[in-house]
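As written, the chain order gives the labels A, B and C, with residue 1 at the start of each chain.
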Amino acid sequence: MKSFFILIGRDLRLSIRHRADTIMVAGFFAITVILFPFGIGPEPGVLERVGAGILWVTALLASLLSLDHLFSDDEQDGALDLLLTAPVAPTTVVAAKITAHWLTTGLPLTLLAPILGVALQMPSESTLPMITALLIGTPTLSLIGAVGAALTLGARRRGVLLPLVILPLYIPILIFGVGAIDTSGMGFDANGLFAVLGGFLLMAAALCPWAAAVALRIATE
Amino acid sequence: MHAFANPTRFLKLAAVIQPWAIGLCIFCFAIGLPMAVVFSPPDYQQGETVRIMYIHVPSAWMGLFAYGVMAAGSASYLIWRHPVANMIAKASAPIGAMFTALCLLTGMLWGEPMWGTPWVWDARLTSMLVLFFLYLGYMALGDAFDSPEQGDKAAAILALVGSVNLPIIKFSVDWWNSLHQPSIFSMAGVSVDSAMLPPLFLMVGAFQFYYVVVVLMRVRAQVLAAKVRAARLMRAA
Amino acid sequence: MVPTMSESKQPSTHLDVSGLSARRGGRTIFEGLSFSLINGTSLMVTGPNGSGKSTLLRILAGLLRSEAGTITLTPEDGAEICYAGHRDGLKGGLTVEENLGFWAKLYGANQEAVEQAIDRMALETVLDMPADMLSAGWRRRAGLARLALGTAPIWVLDEPYTALDAENVVRIDGVLNDHVNAGGIVVLATHQAPGFTPSNQINMANYPAKTSEVDW
């Protein structure tokens, strides 16, 4: 457990040094969301209706962007070999890197979403559900994404391959993430939907670090 | 199972099965297709368009079946390192993707007269669409590495990840569909007249044997390609 | 040197390899490799390019699977391996001190061990420099300083002398020699003869693949 926090500390320190990466992901998220009113017109009724969908789809794409170098930086400078041979379980290494990834992408996106929600004229009642849904849903994105990042490590045309591998697996989170925000926005009880999102998170937390560690082993072979 | 892990032995077995599979495939098509297209009764609601079902339903079944074979083959490749299991998984992917595409296409053709539009986000069709992308991801990942072995292993893991996800995707899409579009008519809702069953089963059989024939051909090609590769490496060394 | 190591080391550490063979890219590159090392000994692995030196070391480190054969570490819980590959694993964005500090924390080494490692590799002047500003030789030294932080008795090094000048080759030799004298085991692959005499030598060219490739 101690090594888990040491590993997170290292990745967080690195992302503070390379803070442009985090800022770029947040910037991509903001500018892409802002594009939608231009694309579909600024009528309040329309934007309000599709706002949650826009936020989630854009969050999926933004989290995908940063997955590209989740493991590849460590792979290129040889640190991955050393981490996998260190006296730490590979699943711990992977879990720590996923946590750090979420702290530097999922969390900033979650905090940015309410501001962008205003731009999309979403009702103020959906602000809290929006934050909650993203808070439960985005870690699952990082977890599933890590499996894809590990599987595509060392592959050709990785930038195109990663979305093809990962995005279909993101669909359930998209469906329930949007559903939870919309249902609460309409004034209905959405606890069941948040519970489903939570269930996805637990399942992903149990399986993904392990699958990603197996994939990393194969990638370093 | 373990006995057929040896490619040469598998090829011998395949050579025995192959002619039978070809014969049965032709037999099922020869009887099933005329029955489906000409002799089976039209649906009392949908009329002649119901005949699309004889392609659509077997395609959907084969799309799922091939993914199941792919996942099982991938698992036994990862656990026991059976080269033949991996070859069967790899051979199933393009066939499964083709059947899934055929299912989507016939679904659209069927939807045109039924819904007045070729594409409706029907829960079943949507799940098949996601399945199609899972196939594409599997095939793209397997081909993306310089070392074929690495590609095989990565793709095998993806097949397993996909098979865990498939029920979750199905559940999500069903829920999403019920929320947005209370189904007026679902393709599953066709009340199948008992006279429709024999041609339907024959078509399923025809598709199934077609799959066996093509998988065996593809595995054979892969074994031969692996031998050529090994021979080249020998010369290079 | 490395006092933390001698304390934690078991009285007898063994590394036994028998009948090892490896496959890379669909062909067998070596076969029937056996050796046995006890604490206080070293092994130099030589051989032409492509003979499998790096592959052997990566198998020992647990990064690669062998095709056949066994690797036995005794005692099972104490005989850990510390691996140093071609690439140093330094993070360019972190300073040398931060890089070493991370590994020290991960290996559970104390501040004293860190200072000794810095001293031994003469890294004082570059401690606050980001690793990506260092030249290749400095990077190598900073990377190898990591070895001295762990408690693993078995060191597996792939071409440790790359990019080092004569003075630093001697420096590394000293560190490796001290580790062996303190009861450790050193396995190194190199083209360059080290300044100390390794107690064992293996030429990978003596273990070519014997079996036919097209076995099916």
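The working rule: a contact is a pair of C-beta atoms (placed from the backbone, for glycine too) under 8 Å apart; a residue touches a chain by one contact, two chains touch by 3 or more.
These numbers come from a predicted model, not from an experiment.
Between the contact lists of chain B and chain C, the overlap consists of A. Taking each chain's centre as the mean of its CA atoms, C is the chain most distant from chain A. If each chain is reduced to the average of its C-alpha atoms, the one that sits nearest the average of all protein C-alpha atoms is A. Centre-to-centre, using mean CA coordinates, chain B is 49 Å away from chain C. Remark: chain A and chain C have CA centroids separated by 37 Å (rounded to whole angstrom).
The distance from the centre of chain A to the centre of chain B, with each centre set as the mean of the Cα atoms, comes to 31 Å. With touch defined as above, chain C holds no residue shared between interfaces to two or more other chains. Multi-chain contact residues, meaning those touching two or more other chains, occur in chain A at positions 221. Residues of chain B in contact with at least two other chains: none.
Interface residues of chain B facing chain C in the complex, by the touch rule stated above, are 6-8, 147-149, 227, 229-231, 233-234, 237. Of all the residues in chain A, the ones that touch chain B in their complex are 147, 151-152, 154-158, 161, 164-165, 167-169, 171-172, 175-176, 179, 200, 203, 207, 211, 214-215, 218-219, 221. Interface residues of chain A facing chain C in the complex, by the touch rule stated above, are 3, 6-7, 9-10, 13-14, 17-18, 74, 76-88, 220-221. Residue ranges of chain B in contact with chain A, taken from their complex: 130, 133-134, 136-137, 140-141, 144-146, 150-151, 153-154, 157-158, 160-162, 164-165, 168-169, 171-173, 175-176, 179. Of all the residues in chain C, the ones that touch chain B in their complex are 25-27, 209, 213-214, 216.
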